[in-house]
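There are two complexes below, and they share subunit A, which is joined by subunit B in the first and by subunit C in the second.
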Partner chain A sequence: MNQLPFVKTIKSFPSAAFALVFLLIILSFLSDFFWTAENFINLGTQASVLAMISLGMTLIILTEGIDLSPGALMGLCGVVIAVYLHKGMEIFGVALLSIGIGMAVGIVNGLFIGKFKLPPFVVTLGTGGMCEGLALVIAEDSSISGFSESFKFIAYGSIFNIPCPVIILVFLVLFTYLLLDHTRFGTYIYSIGGNEEAVKLSGVNVVIYKILVYGIAGGFAGIGALVMTSRMTAAHPTATIGYEFEAIVAVVLGGTSFILGKGNIFGSLIGAATIALLRNGMNLLGVPTAMQLACVGVFLMLAIIYDSIKSD
Partner chain B sequence: MQHTSDTILEFRGISKDFPGIRALNNIDFDLKKGEVHALIGENGAGKSTLIKILAGVFPPTEGQIYYKGEKVTISSPKEGIDLGISVIYQEITLVPYISIAKNIFLGREPHRKYLPFIDYKRLYRDAEKALQKVGSSVDPKAKAINLGVAEKQLVEMARAFSVSAPIIVMDEPTATLTQREIRNLFQLIKGFKKEGISIIYISHRLEEIFEIADRITVLRDGKIVETLNVDEVKDLNHIIRLMVGRNILTFFSRNFLQEKGAIVLETKNLTREGIINDVNLYVRSGEIVGLAGLVGAGRTELVRCIFGVDSHKDGEVLFFGNKIPTNPVKSVIAGIGFLPEDRKTDGLAMILPIRENILMAGLRKIFPFGILNGRKESKIVNQYVKTLRIATPSVMRIPKYLSGGNQQKVIVAKWLCTQAKLFIFDEPTRGIDVGAKAEIYQLMNELVNQGAAILMISSELPEVLNMSDRIYVMREGRIVKELAREEANQEMLLKYAMGSGER
Partner chain C sequence: MNRYAPIIMRLGIVLGIGVFLTIVRPEFLTMNNLINVARQSSLLFLVSVGLTITILGAGIDLSFGSVLTLSACILGTLLKTDSFFLAILAGLAVGACCGFVNGALVAFIGLPPFMATYGMLWIAQGLAIMFTKSEIIYGFPDNFRIFGVGYLIGIPVPIIIAIILFGVLYFMLIHTVLGRHIYSVGANLQVARLSGIPVKRTQIITYTLSGFLSACAGIVYVSRMNAVEPAIGDSLLLPALGAVAIGGVSLFGGEGGIGNTFMGAIIMSFVINGMNLIGMTSNWQSFTIGAMVVFSVLIDQLRAEKFQTL
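This part shows the complex of A and B:
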């Protein structure tokens, strides 16, 4: 079956790429406000946090795992950040604290999944629940606000006109890219999903790498929480719940498969951009939040259908 | 078997217990420097268990391992690799979405000197070399997912040989290779011997063993029956007797019926674009029809179309003269049973007990109202276990613990439950040992004697020639020749399968 190189190239794009272009065109027609610098800075910030979570989620899904905890984990990190800001801790300190909590929860996930061989779905659902509960207890069921102006810099500041969240994201992307494509660890991430037995028989300690993968994803959630808290200038214990769902959608839209260790982070980034755009567009058009969630679900279904038709 | 200076590896009194079974019983085994030591025995005799103990996959229950005269414990695959034991496993162990080069050096990726990064230049160069050695010309940068079965096997070999280990274990290395690739492998093995590398060679193909091995150890039921030099072996039967503990008099047991019954299956111009092309064939009740051809000729694809797993573009499938819609549900109801090549992934539910596997397809016929009756189920299952002589202590056992032959019987029982009239066997005896093969042949013979029809794909020429009433030869998706049993011989089959003059 001969195919033109052009057709082949098109076919190699993940569904997210088409969705992104489609949304860009539609939104330029529907909203006058869409192509404004202000909106794009807003969009960049919104997309950055989701992209961070999606990066970690990609690593996990590549190992044939899943992580349902980051939404709740971000809530917990956010609340802890708020408490310690009020106690007078510096930005650098709360940043380390947030990343530390994220990694700790991730490592706990990884321990149960890698060491004790429990299913990732159940483990992360459990730790997610615990994080949510803990966040609610610490925040006493309400949101915490009233931070210093300097803390706002993380979300609203910019260096050379590039918003801080985007800069943070670029570093994380670079880190993840190097990790996946240029280190042994990255090779093992693909391989654990592709054929775990082969990795074990090659004398590689699979348990440690699984723990690390969940640890890194947790750390990314910690960074995401930092940006999120700064952007909302408040920490609400349950505001970020649902981020895990959007991250999974972004990863799948980006062409990463739930089986066999197939996929890459760049697809996930396009996926995250698509979802942020979808949300942004619906906000501009005044679509209610519940309806937005349904639309994201529809996108997920379309992406899965597209990929299954393509691979046929 | 005492220790001499040229002994590199020695097992002393090795036993291995799994829950409920003693897989290995007091094994004494030694491997000399630079020898090819063949390990043979029926499936379930304990060969793979022995290999896995050596590779560090699991520890022995009792006994000691001596490496170069020193006692060692190998408690993880890493320790096995570090010790210098390189294994080509029977099941293919490649990772699909990383490059072939990364697969070859998995766990041993070359590193940059001062940075924690993979040295891609060296990786690809070394991979290229390793692939060349085994006669493979695939691109080391390509992902492994796109490789064919034989190419995968070559990559596995490239991996095992690139370790430069003093001991190489090969578990059924030639199962998927062509003659030319096998020749190349044997050349390599001879080269290894000269370098003083020792090889443990497991194969069901006894002719190969006579050609390449220096010594043969025969395992049966977890015990060593005998270790002997190749020149002590009188003939094939001698070895088979050691393996199964008895003579196999009638290996291919067929009584060919003179009167054939009605046409059960017929295809007319069956076509699946680019894969199978204009196929016309028929199978009558009371006959076995062989489907011969090279790997990749489209035989499996054809039967998948007939059974309805894959769709076809043109043509039709007739069952007892009626056109049937090709989808698996309708095919099963009509009375077609499909016994796929890969029993473990396509033929059996490996985590369900034998009982559920047998009943799986027939529940609709046995209980048309959808309400199950445990007593009736047990009666049916026990009856099939008895008549098909499925060797298992209990019907609640999962098929993983059965030999390949018994697994195949479970699948036959499954289709008997649906009252199948046509059985499609795809490579019925692949990976099945000599003793069980004879039993499968006997079973196939009984099926056709009772009026069933069989369509059999087989790559083993003796099997096709001795079991089939008629043979269709396929090449490049087409049926290129139909041969009656009397006129067919090995040369003819090969000639048509390869397309004489071409190539």
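This part shows the complex of A and C:
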């Protein structure tokens, strides 16, 4: 069937793009507070943490994997950050520690999934449970607060009027983009998702690349936890449980496929913005958190159904 | 390696844990505590059966915890206002509906099972909170509480329910057409389709059954606790997955049976009981359970690989 170029272009957009425009229009009618600078800075901070997790999740989903541990992992990183800040560690050291823990857990995930070929969702669910338990043990069931002003700079500060979280995100996006589109590593990630057996037979060490992918995603979760802890000015061991769900939805909305090694990080960024917008809007309208997550779930179903109809 | 080796190994584990606990904490070997463990394992078994069936069919049902929550909340609310039977019927129907939606998403839309059921996890959770407005419903009639705390000829009712369910599901999986279909779909979906097995229908029935069984477990849970809140099924996923994995059901589908889960639930309950007796806090327990899930899957996988190369 011949289609106008215009229709073709529209069809190539991921479902997130439509959802984003739709939400922007709806929210400007529903809330007076929506189009304010304050709300948008808030939105930017929220979206950038989610976007960081989504970047890592995109890499993982491109290799036909899944990671259900970031939510619990962020909780663990946050608690460790809080404890060491109270012990007087410098921000730089804390940041390294958080990224290190994230990468370590990610590498363990990758090892089990790549080397021992265990199902990704079982492994990451298990390691997620372990992280949650550890976080609760360290924090002794309560939240830890009371940080220095300089630590709050990570989330609330700005350089040239751009909020710090957004700057951090830009660096991570650049890193992921270069990695994915301009290195051999990126090509392998796409091909592992497309046909793992073929990649293996052409002599590529698939195990190492899978471990690296999960390691990088874990590192991103560590950075996300840093910004998150700074933004909430407190670390609570279970506050971020379920965060991985939003990230997965963002990636799927952004058009990354579970089974074909297709997709890109820019779709995921639009997806993350959509989810953050959805959560922000529902916050403004006073929808309770659990209902918000249920709505995100419905969004996920709609997006997947739309994508599967489009690909038929 | 003969086919009974895994079963003997697991009996050994149970015995080992038992001996260790008896030495460390003598109060382990009292009738009271053993009945307690038996009751615990029957509850864990009840929540793990739905998961087992979906995993046997090479799928997974991550949503069973919140489907249990949702149906329990509806059950609890209706028990307060309507008749006993209507409440139970509604609870079971809601569970089956959630399962059916999961099944339809997997079979017709072609979603990866963990994705479909992970979405359902959050949707059912949200609906449960919306339905109860985050309030706790408590205090149910005595005739309803029999399911959770009653005794029949001296045996706690949950244990009897678990044994009956074990028998029914064992028969279904081994001796009925549906059971054999589930195994074939789990072993190799492509081959199953080419041999004329109604794959989609089997998948839908599997997930619907899983939802229904979660709702059944919900009835026992509500009756036992005498209260419902929207967080009732929150922390069930890992222990149940642990029971299935430790019991030796292959997470890749098509291998294992309901007996494995029965065994796994007993091992898991022994461990949890032991951790309680030793005085381990619940936080350390969730760490341990997470580790047990990962390592039992790992051991099974390594064993399978060794088996293949021999």
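Just so it is clear, the second predicted complex is superposed on the first by the 312 of 312 C-alpha atoms of A that agree within 3 Å, B and C clash if a C-alpha of one lies under 4 Å from a C-alpha of the other, contacts with A are read in each partner's own complex, and residues count from 1 in each chain.
FYI, a contact is a pair of C-beta atoms (placed from the backbone, for glycine too) under 8 Å apart; a residue touches a chain by one contact, two chains touch by 3 or more.
Predicted model only: the values in this text are computed from it and were never measured.
In the superposed model, A:A290 makes contact with subunit C only, not with subunit B. Look at A:L260: by the touch rule set out above, it reaches subunit B but stays clear of subunit C.
Contacts of A:R184 after superposition: subunit B is touched, whereas subunit C is not reached. With both structures placed on the common chain, the touch criterion links A:E132 to subunit C but leaves subunit B unconnected. By the touch criterion defined above, A:V21 reaches neither subunit B nor subunit C. Of the two partner chains, neither subunit B nor subunit C is touched by A:I162. By the touch criterion defined above, A:G194 reaches subunit B but does not reach subunit C.
Counting the residues of subunit A that each partner touches, subunit B and subunit C differ, and the larger count belongs to C.
Applying the stated touch rule to the two superposed structures, the subunit B and subunit C interfaces on subunit A have no residue in common. Listed in rising order, the residues of subunit B touching subunit A in the complex are 55, 57, 76-82, 87, 89, 93-98, 102, 106-109, 111, 116-118, 145, 274.
By the touch criterion given at the top, residues 60, 62, 105, 109-112, 114-115, 118-123, 125-127, 129-130, 134, 230, 237-238, 241, 245, 251-252, 281, 283-291, 293-294, 297-298, 301-302 of subunit C touch subunit A in their complex.
Across the complex, subunit C is touched by residues 66, 68, 112, 116-119, 121-123, 125-134, 136-137, 141, 242, 245, 248, 252, 258-259, 288, 290-298, 300-301, 304-305, 308 of subunit A. Residues 1, 178, 182-184, 187, 190-191, 193-195, 197-205, 260-263 of subunit A are the ones touching subunit B in the complex.
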